[in-house]
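Could you have a look at this structure, given as structure tokens, before my questions?
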Amino acid sequence: MIRYAYIIPFLPLLSFFINIAVGKRLPRKGDWLCLGTIAVALAMSIGIFYEVFRAYDPNFRYHLVFPWITVGDRALLNTGILIDNLTAVMLLVVTIVSTLVHLFSIGYMHGDPRYSRYFAYLSIFSFSMLGLVLAESFLFIYIFWELVGLSSYLLIGFWFEKKSASDAGKKAFIVNRVGDFGFLIGILIIYATCGVLGYDQVFLAIGEGKLSGTLLTLAGIGVFCGAIGKSAQFPLHVWLPDAMEGPTPVSALIHAATMVAAGVYLVGRVYPMFTPDAFLFIAYFGLITLFLTATIALAQNDIKKVLAYSTCSQLGYMVMGLGVGGYTAGLAHLTTHAAFKACLFLGSGSVIHAVHSQDIQEMGGLRKKMPITFVTFLIATLAISGVPGFSGFYSKDMILGAALEFGMKSASPLHMIFFIGALFTAGLTAFYMFRLVILTFFGAPKDHHKFDHAHESPPSMWVPLVILAGLSFSFWYSGWFGTLVQKPKSVANLAAISAPAKVATMEHAAVVAPAPHAEVEKTPHAAAPPVHGEGHGAAPAAHGGARDEASHDAHIAHKAHSIAMYSSVAVGSLGIFLAFVVYSFGWINPDRVMKAVKPLHNFLQNKWYFDELYEATVINGSKALSRGLYWFDLHVVDGLVNLTAQLGVFVSFLVGKFDDYVVDGAVNGLASATTGSGSVLRRLQTGKLYHYVFVLAGGALIIFLIKAF
Amino acid sequence: MSGPADFIFYAAAAVTVGAAILVAILPNILYAAVALLFSFAGVAGLYVLLSADFLAATQILVYVGGIIVLLLFAVFLSNRISEAKITNPTHFRLPAAAICLVLFGVLSYAAVSTPYAVKKGVYLPTTADIGELLMTRYLLPFEVASVLLLAALIGAAFLSRPDRAASVKGEMEEGKR
Amino acid sequence: MFLGNLASLGYFLPEFAVTATILLLVVVHVVTKSPKSTTSGFLSLLGVGAAILLAGVAPAGAGRSIFEGMVAHDGFAVFFKVLTALATLVVIFMSMDSRDLAGRSQAEYYIFLLSTLLGMFLLSSATDIVMLYLALELVSIPSYLLAGYLKGQEKSTEAAMKYVVYGATASGVMIYGFSILFGLTGSTQIAEIGRSLAAGKATLPMLLAAVMVAVGFGYKIAAVPFHMWSPDVYEGAPTPATAFFSVGPKAAGFAVLVRFYYTVFAAAGPGTGLWSLTSAVDWPFLFAALSALTMTVGNLVAVKQNNVKRLLAYSSIAHAGYMLMGFVLLSSAGIKAILFYLVVYLFMNLGAFYVVVLVSNATLGEEISDFTGLGSRAPFAAVALAIFLFALTGIPPFSGFIGKVYLFAEVIHRGVYWLAVVAGLNSVVSLYYYARIVRAMFFEEPKDASAIPVPAVSAAMLVLLAAPTMILGVYWEPVARIAADSVRMLAF
Amino acid sequence: MGFIDSHILSFMTFLPLLGAAVILCAPKGKDETIKWIAAAASFLPVLLAVRLWFIYDRTLAGVNVASQFQFVEQYSWIPSINVEYFVGADGISMPMLLLTALLSFLAVIGSWGIDKKIRGYMALFLLLETGMMGTFISLDFFLFYVFWEVMLLPMYFLIGVWGGPRKEYAAIKFFLYTLAGSILMLIVLLALYFNTTNPETGAHTFNLLHYMSQSTHNGWLKGFDVRVLLFLGLFIGFAIKVPLFPFHTWLPDAHVEAPTAISVILAGVLLKMGTYGLMRISFPVFPDVTVYFALPMAILGVINIIYGALCAMAQSDLKKLVAYSSVSHMGFVLLGMAALTPLGMVGASLQMFSHGMITAMLFFLVGVVYDRAHHRQIDGFGGLGVVVPVYTAFVGFAFFASLGLPGMSGFIAEQMVFLGSFPVFRTLVIIGAVGIIFVAAFHLWALQRVFLGPLNPKYATLEEINAREIFCLAPLVVLILIVGVWPMPVLNLMNASLVRLVDLVKVVI
Amino acid sequence: MTLDKLLVIAAALFCCGLYTVMTRRNAVAVLMGVELILNATSINFVAFSFFLNRVMGGQIFAVFIIVLAAAEAAVALAIFLRMFSTTGTVEVDSADLLKG
């Protein structure tokens, strides 16, 4: 099965071409075609995963490489696919969610004038995403990177008659391009120094020290810039909320489960090349993002906006997790998040489908009307809030643990901020998610007209919900995931880097005992990975060097994780409780809280001050523009983007003028000078004979005098 | 040779140049024409001194007898006799004068400074020689000159012949322009 | 050595043909009752045609000096005789088409034309200053008359007046220079003069003479600063005459310029004919400067012109400047370039004027605005004119380009790069004003779209002129060889 | 077939000329016939090009070795000055030949709608094609120059007669600019002629290959500063054609005023001639100077990239936007060439090829909407996507291809240029890479203003793109995709030659 | 009486002639100037031929100068008269229809 893996991406591509060409004329406008191809892809992914799972080897690697561009006699660029455990998992995630979204869309998009084109777009997206997952080299992940950008552009702007929609699409693409610019620079640095772009080749070269020191850090940050753009990390997260202009299933698929996670996947994919400095950089951006966006999410009333910001926030978790060394944690959260966030979005989709509104202020009490949606939604919410037993708890807890561990081992106490921030945000998450649930499903309906028309969705829509909800329990993931997806050893040549020594040692400690050779050979088509080889070479030394320290670290890690678990459970439940207190039981009237605490905030740090005003602004949605985090978000960051855009336009305007008047002017000036001198000379031709004779005599004389003396 | 010849030479030179200057500056064109006459005569005198008897004769005949008369005719024809003053205004004097003076300086300096291979001039009749040369060596120019004179003759005749049709046509076109 | 007069007659057939035609015309003019008939035109056609044939067949051989050394009969002379005669032939056709001349007595016109032709024959072959002066006057005096031929028109008369005074003065200055040369060498044979000058040392009078002679020749080829007569004369004269002036006398002028300087001031011997008298006088720079000045002035002023005739007049000044490039180093290659350029120039310039004649016949005007929409009114003529104009600009695949290449090659070969650059910029400028006409013809819509009839004869002539202009741009080997040969026979 | 194969280049070059002659002789009022003749005359070269594709030997390098050129024809033309009719093909010219053949044919089809003076139009167009082909096959500098100039006249008339409102200005501006450039070229040509000799005969020569072997240079041409001057003269001549900042200002006017098909040719083929000339003549003849000027050239390239993109962003006229975008794209070519690395050089060449197709598509598409709406103001439209979905799809495709979307030829070319030149000019390439953001920005911006958003009621009944137009576009779409996914076939054409070229230049370091 | 004296005289004549040509407005007077120039030239020729061992070429040249002067004068005057009859004046600077 795995030897046919390269076929997987082409299935959706096929359906894309067919649907774009003749989709309209096909029965049912070709939706079955797209659904079928993706389903086949799903089947194959399951097969692959099964093989990988049976091998059960942390270092499982399957390579399929052949030259793509040959200049002169040597191949300069290769193409191919790389399958290891992470890939297998990602394949599974992408195909599952994609299939379910296809299914869901059949109901959701029913009757849309561009129905077939919608499915075609879904297919091209699936193609790009699968390609991105399977890609074997930096260049090809970049290629599919752009392609998912394209499909996201197409799907966000699917209802392009709405100016807001087309705006959002444009914004998404351009903001991503900004990130890709960094990505490109990173790739260029790598190629210029290593001369290759395949992951393993690059890691090998880096191991040989071809690329090291600050340049390596820069390359890592450059690559991470791509992730910033794609995974909507601060400061480029502004496009994601706008992207909600697209159809809701699209939001579920692209802007919650898969594409936005691609950034995280990228970081995980190239994990070994990051230097500690780069990691710190990554971690900080993750932290800022998860906190910032969570605070914003607190006060949104648009159901999809809330979910969008929560997505940003969760992505922040993953990025931070990876940044602080929680490789498994981050990727696990990616996986679990894909399931429950997709479930949430689809649930919101079915709600919107029912009440034809996205404003939670107009909902309420829907649990009676649409029980299945409610239950599934609730499960997913519990998952995201990190309630034990649900998938979210499993992964988020790991991240918190990693953060705490990092903080404890790190030299500077400042690094505890990762744990604290994350923990606090976990509470916020629980709070705003349950606020959402309560306002939507509990209490009394606020808009009876809408309420009366609400109804449960058709099976094609709730079946996916059920499946995804089912996947939101932790038992699916616990155990094997931690074993199969393990942190690869860093190949960065750390000699040149002045990083806290502890970080480095921590990374060494994290290396698991390399699997025996036999197993590696057993794995079908497995090329012994250089990373692994490195492990052979360096790991014993590392262990010999720091065995006792390793055990010490293990102890700390254990302690950290247990602390993290309890605290996160506590905070999570606190958040949930508060949500009920405020929005359900009505013990505390939110408005009264507002009034009560407003003076207090004047004595507190700006942040809280902004949070509250932000609440106010969302309630009557206009005053938001000038103050608070939202102010920060909307004006400073987005403003920066717009500003740069405007700057670009302005500069280009100037340049245009420059071109018209100066450059071109010079030419025309030359011309006019020519004609001008012409008219001057022409005036010499007076028509007066004696002038002519005079010129004759004078000319002769002058020539003579010049020559004679 | 001495005294008298030199005297004659200087006299002729003075007449030639003086008259030429008068031609250049005299305000009245008739007077200028007369001055030109004297200048030509002076040149003829110089020819005599240079033992160019035939030339001297031709000079008198053609210039004095022909060209001057032509000029005078032209003067009269090209001025309305009715208005008595037949003036000869000038303009553009200073630059012209400047150029001419410089030119004169250059020419005479070149003349004086150059070591020409001067021989002692001898006085012999030239008519026979010229006649012979014109019939032998310079036959072709002689013949060509005849063609040239023919063309000039026809031209002069053509131009002086009134051409009413054409002139009418011309005016018509002037009108159009 | 020199052939005697009688022995020479055999080598003088073209001249005889022309002279005979002139006399015949006189007779015809006297006897015929209708002076306006076109008989004289046809007669002169025959005469000139005969002259061309005779000039062509008369074997130049190694070149000999005939009529007691008055004129030379060599490839160079034959080349120019054929060239000028061809020009005259075309001009005769043009004149028979022209509306300017229609309704006037024809005979005199052709008499003047042919006398000029005779003068050009002699001018291009004269080897004795007496002969040279006569020939020059024989070219000039009938030209004055041609210029003033439109008796009724102020412009024509004024042109004639300016021409005669300017010409007389110029030739006067020139012969003054001759007199000095005569004084220095005591001979009227230019070969003699050259030899004894090479011996002598007197630079100052020699320089003086050279400059004064240059005035005379410069006036003939209308080189700055002796060009000022030409625009006025060109505009005033009847268009065919203008066309004639811009090619025939100019060519003859170049002929005599080259022959005279090459014989008198250049080292003897073919091929190596670089200036021998560079001792005190930097001839190359002098003529390079003249050439640059000439082409620049011509082009820049032409840019401003709205009258096509006047525009072409200035452009012909510019072309004289281009041709002077070949003269700068007085090398045989350069002279070859000049000869070649004269050939292509003959066709393209006469062609341009021919179309101007046709157009002004129809539109009674020669302003650029009169050419508006010619592309649709008379496509054939318009295309022909476009070809001629672009050839004049020097754009492949037209002959003008090849001519320019040879000229450029000469100066670049000798390392006078600045001149090449100046010339290059000049041709860009020239494109600008030539294109103005093209633009008027093709890009703009005419006020009245009535078609302009082009007589069959005229069309044929246009073809005959355009064909060489295009063919020589693609395959010019024969002409190049002829030019080369003509140069080689020059030194005798 | 053998005869045709051995003279295939001449056939490709002169068949159109033949067609032009036939057209001129065609009877009056037979416009349809004329169009068909033109189509045939331009389609035969396409067939020959296909033939060429199959019989071209990819292993021979050419560049400076006469024996390694293919389909060589060498006849003496003007013996007295050793001008030869010397043509041949190698990896540098092959892609351009194929491109020219294809685009010319499509352009003829694209100008089917011309109704004014069709006879002159088609004749001039075919003459133009002859000029272009000839330029790409010439190996004799004189021949090259003649063909180079031959293109000017048809172009001048095609713009001036069939152009837009400011056609006169645009036409003469184009003409003057280019002529100025070529005069410089002429001077350099003659200087080279007089300072090089044919090793066999010892006579001066116009043979480009002789110029490339230093041994044939005599006299001062060995002096470096002189070579610098000659190189600069030549470079300006070519730079005007490319066009490089600051010689580019003729381009927007010319493109905007020219009729659609002519803009296609202008941007698709003529612009390439500048860079082709650099590759064919400047680089191999003056290797040392090339290395000396590598950095300035790269800087110019980057300026073009950024400058063109910014200018494009400022435009309100769709066609002008496209025109400036090609300024930006040609910058990549120069950057890649200046790097003097195999990858960069090949990337540059591929960029020439791919930009030829992409920009042709863009101009075709602009022409399509212009034919219907009779204006090109970007803000004058809006929401067309609803009315003309197919057309919108094509435009979207072209725009994304132009902004370098993976899977299309433009992306590969740009990436190869970046990868090839980054090791040499790091900072420059980073600056240049900023261009990809601007490029994306102005393309999407324009796309949105014209096709997305609420429909402008004025165009509610806009006519959908018709079959003929699709026929023009489809081949390009296919090619762009193929090259974008699997570029090796095209790269194999160039590889050997360009690697040889790089070695040739590098050897002097 | 020496050669250089004669040459100087000729030069003076020449310059007078040139001056006349440049300053006179009456075309006829201008023609007089031309005649002066021609005379200056022929003086040169004759003088040279006298002093250079009696080379007759100079005198021949002078003869032709005279002849041509006559011819020229005839033509020129005819043109002037024609001009007078068309424009009513022979003033050279009133004739500036052609310029620029």
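Quick notes
Letters A, B, C, D and E mark the chains as written, and numbering starts fresh at 1 in each.
Basically, contacts are C-beta pairs under 8 Å (C-beta built on N, C-alpha and C of every residue); 3 or more make two chains touch, one makes a residue touch a chain.
Note that the coordinates shown come from a computational prediction; the quantities given were computed from them, not determined experimentally.
Between chain D and chain E, the least number of touch steps comes to 2. Seen from the Cα centre of chain D, the chain whose own Cα centre is farthest off is B. Core chain by CA centroid proximity to the global CA centroid: D. Comparing chain pairs B-C and A-E, the larger number of C-beta contacts belongs to B-C. Greatest Cα centroid separation from chain E: this falls to A. Remark: chain B and chain D have CA centroids separated by 70 Å (rounded to whole angstrom). Taking the mean of the C-alpha atoms as each chain's centre, chain A and chain C sit 81 Å apart.
Centroids of chain A and chain D (each the mean of its C-alpha atoms) stand 40 Å apart. Centre to centre, using the average C-alpha position, chain B and chain E are separated by 5 Å. In chain C, the residues that reach two or more other chains under the touch definition are 130, 134, 137, 141, 144-145, 148, 151-154, 161-162, 165, 169, 173, 180, 183, 186, 204, 208, 231-232, 304, 432.
Residues of chain E found to touch two or more other chains are 7, 10, 14, 17-18, 21-25, 27, 30-31, 33, 47-49, 52-53, 60, 64, 68, 71-72, 75, 79-80, 82, 86, 92-93, 95, 97-100. Contact with two or more other chains is made by residues 91-92, 95-96, 99-100, 103, 106-107, 111, 116-117, 138, 141, 145, 148, 152, 155, 159, 167, 170 of chain B. Pairwise chain contacts present here: A-B, A-C, A-D, A-E, B-C, B-E, C-D, C-E [touch as defined].
Those residues of chain B whose C-beta lies close enough to touch chain E in the complex are 1, 5-6, 9, 13, 16-17, 20-21, 23-24, 29, 32-33, 36, 39-40, 43, 46-47, 49-52, 54-55, 58-59, 62-63, 66-67, 70-71, 73-75, 77-78, 88-93, 95-97, 99-101, 103-104, 107-108, 111-112, 116-119, 121-122, 124, 126, 129-130, 133-134, 138, 141, 145, 148-149, 152-153, 155-156, 159-160, 167, 170.
On the side of chain A, the complex with chain C involves touching residues 671, 674-675, 677-679, 681-682, 684-685, 687, 689, 691-693, 695-700, 703-704, 706-708. Residues 5, 19, 22, 26, 67-71, 103-105, 108, 111-112, 115, 118-119, 122, 128, 130-131, 134-135, 137-138, 141-142, 144-145, 148, 150-154, 180, 183-184, 186, 202, 204-205, 208, 364 of chain C touch chain B in their complex. Taken together, the chain E residues at the contact with chain C in this complex read 7, 10, 14, 17-18, 21, 27, 30-31, 33-34, 37-38, 40-41, 44-45, 47-49, 52-53, 55, 57-58, 60-61, 64-65, 68, 71-72, 75-76, 79-80, 82-83, 86-87, 92, 95, 97-100. Note for the complex: chain C touches chain E at residues 129-130, 133-134, 137, 141, 144-145, 148, 151-155, 157-162, 164-165, 168-169, 172-173, 175-176, 178-180, 182-183, 186-188, 231-232, 235-236, 304-305, 310.
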